[in-house]
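Data first, discussion second: the structure below is written as structure tokens.
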């Protein structure tokens, strides 16, 4: 498994000497990792992709970081809706979510995607615990817009249950369903939840794994990926459409997280093996880093 | 809401004097409550039934008991399978569970029934946390029988995550899905899980709520309900068919729990308002109590 | 022992549902209960009255409240003075207390009444510990008036010894003798001590048990008992004599306690069986409640 | 206050060098000190004797020892019985104690002698707490002999309340009244209680202060005081009458305490100023030391 | 070992009664004791002097004080420099310290004098731990004057390592070598270190042991020793030369320590047996006490 | 500082994935590192070698390991003896150590080499604390052989002071001087101390840094270095002289350490940059590993 670099001890030593201070720096720090539903649905080998992601999360924890996983599940929800013959209307790219659709979405997010991620991690030991936003009232929400039905807007985050699980050495895996005071559930954008959760936890890092390698000046040009950007500059790219489409909520989550005190947010290509490790533990990175 | 009894202070005082020692006795004790899927599916007003159940669980916790809820969801699973046009084969009354059926069952148990119970409790505050048996490897399982597919048999229970949540004042709500060492999930009978969990937690009580008022000598005669029975006597009733059908796994769960150290198990009619409170806090009971 | 109410489970359940939230609310709260010397001396069956009172105190503690008992002993002091042929002069209804009278009073309060209450509670277990105000300098006092001799006025309360005993699960029983910096003892009105102690302990409740059923608008009319009154209104009733005689210091203790932060004070008829339980754990009460 | 020894620093240094290791040795150790009622009643200046005793107890505690005071009160009881015209019958030197006598004895022990000792100590600060054997069921007793009425025999000691008060830096002062399971009180010999309490506390020392300077070979010859004696030798002196009269129970308490694990017991003349300090903190002693 | 004073128990008792409150007062307090290199080098029997000093330090600790020893080693350094034929230049009485001289000084202070003091104390048990100012960066220093080479000036004291060792019941013994941020070592005046360390530790006492009996109004007249002096008065004596020569840095260390919050500083003749004990535990002293 | 390996993220990731489990495995483990006096004396740039060693020790601690440094100082002792014109006799390769030689050795080890290592580490922060075996009686010793004078043999190790410093996040640096019960010091072989200390601390690793790259089958052939060897095989190499000379005590220390429970011992070439990191955190090693 080890490459030719092993034949040069000086190179190995250099990498260790570079990595160890980062490990020390982040030990005890919360790192919120957003893992997209596309990563599972769109991968050639979803099981292998999930297992590799689980490996990295377990490695992070093994050296003292406190990872929190947040996930979505759009493709998987669409698939079950399709099987049940339920058709959705879309407004501004958001699925109008009636009661039946919400029930399907919740079952998929909490009872399928979340469970699969927890299972993949727990092959390594009793480490992960699945949560949704209704557990211990983690996420309070109301309707984002009256026309969208049960698409949720975060009104409050109470991260107590997360911090307690972290204190016990556990890895929370969060499905992004919330509820209002009467117990009515809402489905919420996972990027938005990841950003808000990172802020409320005082996380050192927010890492958003998607299927692109960061923000590009020219979306069509892989060599135009931006290594480092401020929140203000990122806002501008969202405004002018450079960071548009599915990248927009990711960009906004990163910008608002760093403004709320998260030291840095990272947009990485989750398809690169061990992208999280490379980003956290080496001087150079593999995606776009957002700073205040 | 208060009945005429309030006009007689001596009666009220007598009830308090009777109840307070029970409250003291059970304070700090774990009580595992099995809440059947039928209670939701079969009730005239499922929302009210669920809210009333949630009230009782919150009251138990408020006076110092440590309730753990275990639930099934058979009718709800059947309903979604029906909508998807999936037909199941049954052997000895058990549904043969292939991979697709298992995925549906898990979505319903974890993503629907569990979430609904957690939501109902959390209207009272950030109290409940939903779990399935894969969280922190709570329930390890393998196949109950090769012909039944992913119907599970409990091989190990690690109640650490439950005891930690209890220690933090939280109410665990457990969906009865487990997994093997490779992460393969199984669907497990909820009565069996409740009994095994009560045993591994050293619970003071196992309370099984169903839609009958306990074990009857003559199933057709409501007046033949048995108030108190030993585990051995109960085994005999299972063997001779008096406690047959759906009552059999409930009876066996009770018998094995008390043999494993649980002080008493109770089979109650969950449709009686506040049945759990009456059973725990008064001298007389409202169902069948099983003792070693 | 249980009344006919038992035949109506719904009534019992209603009482439990009503009582449990109070139990939760008061768990961990300090409740100062003033038990008058008259209750022992004037009862038809003093031993039974004392035993019943002890039962209630033990029940309060068993469900997590922290009861503190304060008592007087006027009739018992008078009885021993009589046997020794010591005659007392009275001014404004207060006994002029010379050194010999003080010694007799202290022996009766600390060596007789206090010991009897402690004994009655400790039949239930090693629960009660008798204290006087000189123990750990709980109550500092000086002379109330130069003409009254060793009748004391509270100058300082140091509740440390009380809070420590409470923290160990014990029930302090306090005889109302204090001392000045030189060790000179004083006999102090027990109602006044109960009020001051409740204030310094941050008690949730002050309960004053006497032989009337609360404050009456017309002292001769039992049906004129006031259910709820503010401290200011109560002051007015003392001023105009409606709450006069022995009721005046009780009323003043209640008023000053609630002004000092005690949530509520209650004047109850200690002759009603379990009056304390009914007052604390039901919606309606059995005496007069004083609020700020 | 300081004698001429002060003019010789070498002498002072020698005394300090001798005393410091004893202080270290006994720091954290329980020392039970029996203070006889005679010391108060028979002294020329009872107030000064009590104050001097209190000084020593406070000094012991100030250097880390854990003193427990046990006291009697025979002369004081006799005095009040006399004033009330109650005559007692004696059998084998023990007062036959009927219910009325017991009530008087308890009032005097708990309400007078105990309170006076507590007061004298607490002039130095909130240090002493008075207890009788009924507090937290410290001393369980039954009748010593059917002919003697309520003269008690110790059946059980539960020193929990003592150890808790000691752990809080407090000085327990114990009046030797106990009770049976029904709450019936008994008056118990104070020397016996002191010995039993020292044993149950695992005390390092039992110090019995009386009005003689130890055990003498010839009771009439002050120069025949025995410096050191074993429990067995002491038994022989009791048997042959050399240690007779009031000395017998003191001797037996010392012998049984050292047999039960107390490292040493001391019989001292409480009239010698600071006798306790001299005995504990210097190489030579001022009375009789009893060893196993 | 004990003088004739033992024949007068009243004298012994008086000394104990005088000493015990001081022991109580200083228990838990830090006492910094400066032990001069002259005490070892100039004593007739250096081994006995060191053993006696160690005895006193162990006795202080045994009764709950927290002694910290600071030492110099001028004569011992001079001796090794002499053997190596290294000659030093002096300016204003201070040795110009080049790199070679510093290395010799450090070896003598840390590897000889410090080790000998630690060894002498540890004959009594595992009590002392040797430190120099570089351990855990206890003393940060820079050059006192460019002409003096590596003679150090204290820039910062971080007493963490001292307080931790004290918390574990250990006796720190400090050699007065410090270092700058780059690790360059400096030799620092031991009186100055003792004063600064006492201040930063919030010590109750600074005790400077030398070979004179305190500050004298007339240096030639032993009877002119000043018993008590304020920091301001002491400054004046330094200014006018009365406290000159080697006494000046001692006087300044005492003055600055009491100004920085140390309750009192003492200049004692270390040759008087047990001088520290006599000074700390008796009303009169054996040297000069400096107060703010 | 980073080599070309950085241009291949997959290689970097592979090294991290390989290293992280080791970091997890050794976090919280004690690693005893023997640093030879030759490393300082024989290096071309002693300051750089010491700084590089200090870097590695600080990095180990930064990722949660608990390093303990043990050092010798033979060349440095020889150098000072030479300057002082002291000639030593040798027997079996060991220097006969009289009192004067011992004093020189102690000054060099404790006051020079130890201080230099502590200084080099503490440039990174207040991390290291120098100790010798006399501190808190860490190492008890007696004479190894009557002909060798004060060459010591370890009789007892009390690692309490080491474990306490480790628990406070500090790095103990140990000079290998011990003492007997009377305080007589001895100079002890540093390899032997390192092995015994590793055993008594229950260390996970003993790392012996010297100027060869491990044990060779043919001492003259660098390519014959043995990667892995058992304690028994190593004994044989010592016996037949393959591991002779200065390698013998190192080999014996490793063999006895692993026999006493240390998981593995490593003989490394301390001149290879970051040899300790490469050995601990990669699959392949850079020297000889000794296992039980």
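Letters A, B, C, D, E and F mark the chains in the order given here, with residues in each chain numbered from 1 onward.
Please note the rule applied: a residue touches a chain if its C-beta (ideal position, glycine included) is under 8 Å from a C-beta of that chain, and two chains touch if they have at least 3 such contacts.
Computed from a prediction, not measured in an experiment: that's the story for all the values here.
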item	value
Contact distance in steps, from chain D to chain F	2
Between chain A and chain F, centroid-to-centroid distance (C-alpha), Å	46
Chain B and chain F: spacing of chain centres that average the CA atoms, whole Å	61
Centre distance in Å when chain E and chain F are each reduced to the mean of their C-alpha atoms	35
Residue list for chain B, restricted to those that touch at least two other chains	none
Arrangement of touching chains [line / ring / star / complete / other]	ring
Ring walk, chain A to chain B and onward	A, B, C, D, E, F
Of chain F, residues touching chain A in the complex	1-6, 8-21, 23-24, 27, 55, 59, 62-64, 272-274, 277-278, 281-284, 286
Of chain D, residues touching chain C in the complex	80, 83-84, 103, 106-112, 114-115, 118-120, 122-123, 125-132, 134-138, 158, 160-161, 164, 168, 170, 177, 179, 181-183, 185
